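Single-structure report; data block below.
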Amino acid sequence: MMNSESPAGAEVGTALDVNRLRKDFPALRRMVNGHPLVYFDNTAATLKPQSVIDSISRVYSDYPANVHRGIHMLSEEATNAYEEARVKVARFLNAREPDEIVYTLNTTDSINHIAGSWGEANIGPGDEVLVTDMEHHANFVPWQQLCMRKGAKFQVAHVLSSGQLDREDFDSKLNERTKLVACAHVSNVSAVVNPIRELAEQAHRVGAIFVADCAQSVPHMPVDLQALGADFIACSAYKFLAPFGVGILWGRRELLDSMPPYRTGGNMIAEVSREHTRFNVAPHKFEAGTPSIADVIGMGAAIDYLEQWGMQAIYEHEVELSRYMHERLADMPGVRVIGDWFPGKPAIASFHLDYAHPHDVAQFLNEEGVAVRSGLHCAEPLHCALGLSSSTRASLYLYNTHDEIDRMIAAIKTVEEIFA
Amino acid sequence: MDLKALYREVILDHYKAPRNTTPLVQPDRQADCRNPSCGDKIKLQLKFDNDRVSEVAMLGNGCAISQASASMMTEALKGKTFAEIDRVVEEFRAMIVNGSTEFDRQVLGDLVILEGVAKLHARVKCAMCGWSALDAALHGDGSDVNLDEDREMPASSRG
Amino acid sequence: MMNSESPAGAEVGTALDVNRLRKDFPALRRMVNGHPLVYFDNTAATLKPQSVIDSISRVYSDYPANVHRGIHMLSEEATNAYEEARVKVARFLNAREPDEIVYTLNTTDSINHIAGSWGEANIGPGDEVLVTDMEHHANFVPWQQLCMRKGAKFQVAHVLSSGQLDREDFDSKLNERTKLVACAHVSNVSAVVNPIRELAEQAHRVGAIFVADCAQSVPHMPVDLQALGADFIACSAYKFLAPFGVGILWGRRELLDSMPPYRTGGNMIAEVSREHTRFNVAPHKFEAGTPSIADVIGMGAAIDYLEQWGMQAIYEHEVELSRYMHERLADMPGVRVIGDWFPGKPAIASFHLDYAHPHDVAQFLNEEGVAVRSGLHCAEPLHCALGLSSSTRASLYLYNTHDEIDRMIAAIKTVEEIFA
Amino acid sequence: MDLKALYREVILDHYKAPRNTTPLVQPDRQADCRNPSCGDKIKLQLKFDNDRVSEVAMLGNGCAISQASASMMTEALKGKTFAEIDRVVEEFRAMIVNGSTEFDRQVLGDLVILEGVAKLHARVKCAMCGWSALDAALHGDGSDVNLDEDREMPASSRG
């Protein structure tokens, strides 16, 4: 199933100069329990290049002012940088216009905006919302709770044992009562890549809108919003080299324009009197209060960094690492990876060992300097559907290497020695 | 740009004594523009004789830049056709909103003296308030303009 | 009314070593239009000391991992620092326990949490919510909108021409139907300090809960939550030297425990199945998704910095600056300050000039290197109540000096020369 | 702390062959503890003869630390009174949760070998799962314990 050729030591076969770019990430200089850090927890949060760190420091050293176009110079500089980042995000994702980009706190906040604004206004008793079993809790619980509040039906499309979406089950649960479909672009556990364009077209045919959770696609592959075909997408900046504190909500302009604000307060209003409030236009009407200004500007620097290497090159590098990691894991007895491998699979492997509990595995991997996550990865329905109580997850990014995969494999062997 | 000179030489004159402030009786065209994030307001009224502007009035209040820009605008309108006015609006917008240096100086005439405002991003909307009223008077559907909702303006907020 | 003695040049009469602490703020080295920056826009956002900037860089250089206690070392370090900050905040505000501290995005988000969670669950038709005319939009619009959604009555207590709350009007609008009272501790325009303890006691007597907007008190004076007597408070970290991206919501433990979550998703749940979700306990049930980890940790560093000088000393320094600033402004013909001066007034002066519009004033002050705000300061009802269309606001902080006030006064004189 | 040694010398022995896993018939006391963020589960059952524990059983699953800690705990209980057990629980908690080095080594006996777990903050709840079941069996109201809701435990989340 997999191409079995092994890499010739260094990072061959990919267009990225990984050895050079690794120097941009100060955290890669860390030693963990006497070993150089192998950071394989990129699905949870990525490391940051120096240029992003510097851009944040620069905001706070030079223009730590509030935005919204105050007349003084520091506010002017902050506003310019803050709005420039919006233009960068729009270009990065190929949105039709910067005004379709709303800054939020994180993916979860973005999805809560959709549920709390569009959902509250448009979902009623008898309506249905369709999600899948492979969703992160962020794209599952808000819809489940919305349905409970509104007397709507919460439908969950199943996954096959291969990890792929059960398209028959999905089709059977999509109907004229379906008002909204929410689905991950890339699963944060199995790395399954869902065919968003097809699914969105199906949703549109029954008159439903489509929400794509792009938290794990935007960081790892080229994403062209206009080609994707969804009506809303959500993602988190800190998962693509940017600071914590910013999420992105993109929505079709007509939808954003039609929606009531989710949070209210300062900076999102046009006029306030005792009797009445008129709101500003999108995206501003969704950005109540003072935003994460420096984090937004840092996100602009992260996009610059990613574009310097190119998302296609990054994706290809990761797919090559993924191939190699899955091949090595497949060679190990007693190791089972969640979901079947498929060509182009992003570099995530969630696995369990027959002989050791995922927490113990993660503990021993940390002992060898290899950082992985263990647990449910905020995807309890998926684990439940696949009959698992938890897993260990290795997730890679542009700065990871074949050598590091070898180090993880060696560490798993230590676990085997001790436990099996 | 020397801010003091800009104010002293042009803006204050028009701010303190704005031109064409007598309301017109039965104007042919009129429109209001508000700029809530600044508090500026301008009503623009026009009368035409054949194709050409015969009378104009601006009524408003706000900061010096908004009032001076509108006042200067009224001076530039008399005798112009629809098409000529469109040209002036276009060039003025290019100069102030886009910060272009390629605008047509001849079409703008005396108005080029406001060029420096383009650099004061927070004041671009102030400078455009009268001009948006003008545009709405010529091409609008009769409803008021809210400059905060004009997506071509630099983002700002009223608070 | 005011003590009229002038300062003897340097920062006399206050316990802060202002000349020394100014060196900690890199932005104070900036030149604006050829003049050293005078930063008087502290109500909107404060400058940051190097220690805060460094603490953020350290997170991203050393442990840019996600929290929630992953097993690997970087996540362990991030979790520890993130939770230590909660302990610092609790101590800084004298909360009974760290678990009463919820991290949000900003004050606006904190207040939306109360309205969206407690408010949605407890306010109904015929109920009343009482706020004041001096609220920031963040503590006005969410309550107005909640009342509209719920068919409740939105009551607004008036202010006197002195800027003070009209206590008679407040009393007349507080009754047994009042379920919630929301009021600023310190006004961001007039700097009026409301007697929260008394107002909260009045609210409690009629069975209402009390929300104090402490966005402008926590940064500038010692705030002891237990003495304050409110049920909820909200504030923003970036207003007290900390990074953008974190707000604080404090609530009495019993209230937090009784409330449904506001946002749902990952990290705030105990158990998720297709049918049902059980939530985690407070504060975690309110922190859905990945928080602003570095900003939270940076907030811890900001609190360390403030505590090093002491909030009482900071307050005293600001009160002295305030006295001097108001005295100097009072001497200028044609300058009118919003609200009467009062002893202990925080260092905010919002004013208008008879001869020039606030935007033009701010523009000329910027020309002289003095950064102030002009506009409505997100307090349109207050401006409207006082018959003003906008104002220019100077707001000072621990690093400001008498000399800088002199520079602002000189700049206002320039405006006078040009306009009057 | 040497993690391999800790596992090799103690934990794995108990993990692979946990002691006292035969369910009791009609236990005098019992309680369940879950640790949802880890997936650990332990049911603890006790029988008393006069004041003293005569029989004990732990039934559960989860990671090696949770199972080994509970298994070792059961070995320490036999023959002890309520008050004596409370003492052990208190000292064990001091060692593991508070990370204190001042706990009473004599009271803990063999259990001190788990001391290193205190440094593995993410595993503290694992180590406490059996112990919280014990505490609930002795002092609880019969309801299950959810360790994620125990505010004395290091903050963590299930996802």
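By letter and in written order, the chains are A, B, C and D; residue numbering begins at 1 in each of them.
What we mean here is this: a residue touches a chain if its C-beta (ideal position, glycine included) is under 8 Å from a C-beta of that chain, and two chains touch if they have at least 3 such contacts.
In this text the structure is predicted, and so the values were computed from the model without any measurement.
**Student:** Find out how few touching-chain steps suffice to connect chain B with chain C.
**Tutor:** Between chain B and chain C, the shortest chain-hopping route counts 1.
**Student:** Quick one: point me to the chain whose Cα centre is farthest from that of chain A.
**Tutor:** Result for max centroid distance from chain A is chain B.
**Student:** So, what's the distance in Å between the C-alpha centres of chain D and chain B?
**Tutor:** Distance between chain centres: 77 Å.
**Student:** Using CA atom averages as chain centres, what separation in Å is found between chain A and chain B?
**Tutor:** 46
**Student:** Rounded to the nearest whole Å, what is the centre-to-centre distance of chain A and chain C, using the mean of the C-alpha atoms as each centre?
**Tutor:** 32
**Student:** Report, in whole Å, the distance between the mean C-alpha point of chain A and the mean C-alpha point of chain D.
**Tutor:** Once rounded, the distance between the two centres reads 37 Å.
**Student:** For chain A, what residues touch not just one other chain but two or more?
**Tutor:** Correct list: 70-71, 75, 137, 266-267, 269, 271, 359, 363, 378, 380.
**Student:** Would you pick out the residues of chain D that each touch at least 2 other chains?
**Tutor:** Touching at least two other chains: 37, 120, 122-123, 158-159.
**Student:** Classify the chain contact graph as line, ring, star, complete or other.
**Tutor:** Its topology fits none of the listed shapes; call it other.
**Student:** Sort out which chains touch which and give me every pair.
**Tutor:** So, checking each combination of chains, I get A-B, A-C, A-D, B-C, C-D as the touching pairs.
**Student:** For chain B, which residues count as touching chain C in their complex?
**Tutor:** These residues of chain B touch chain C: 3-4, 7-8, 12, 37-39, 62-65, 120, 122-123, 126, 158-159.
**Student:** Touching chain D in the complex: which residues of chain C?
**Tutor:** For this pair, the touching residues of chain C are 68-71, 75-76, 79-80, 83, 99, 266-271, 280-281, 284.
**Student:** Residue numbers of chain C touching chain A in their complex, please.
**Tutor:** Within the complex, chain C contacts chain A at residues 26-27, 30, 32-33, 37, 39, 41, 44-48, 52-53, 56-57, 60-66, 70-75, 105-109, 111-112, 116, 133, 136-142, 144-145, 154, 156, 236, 238, 243-247, 263-267, 269, 271-274, 277, 288-295, 359, 362-363, 365-366, 370-374, 378, 380-381, 384.
**Student:** Can you list the residues on chain B that touch chain A in the complex?
**Tutor:** Residue positions touching the partner: 36-37, 120-123, 146, 148-149, 151, 154-159.
**Student:** Over in the complex, which chain A residues touch chain D? Could you list them?
**Tutor:** By the definition above, chain A touches chain D via 137, 356-360, 363-364, 367, 375-380, 389-390, 414, 418-419.
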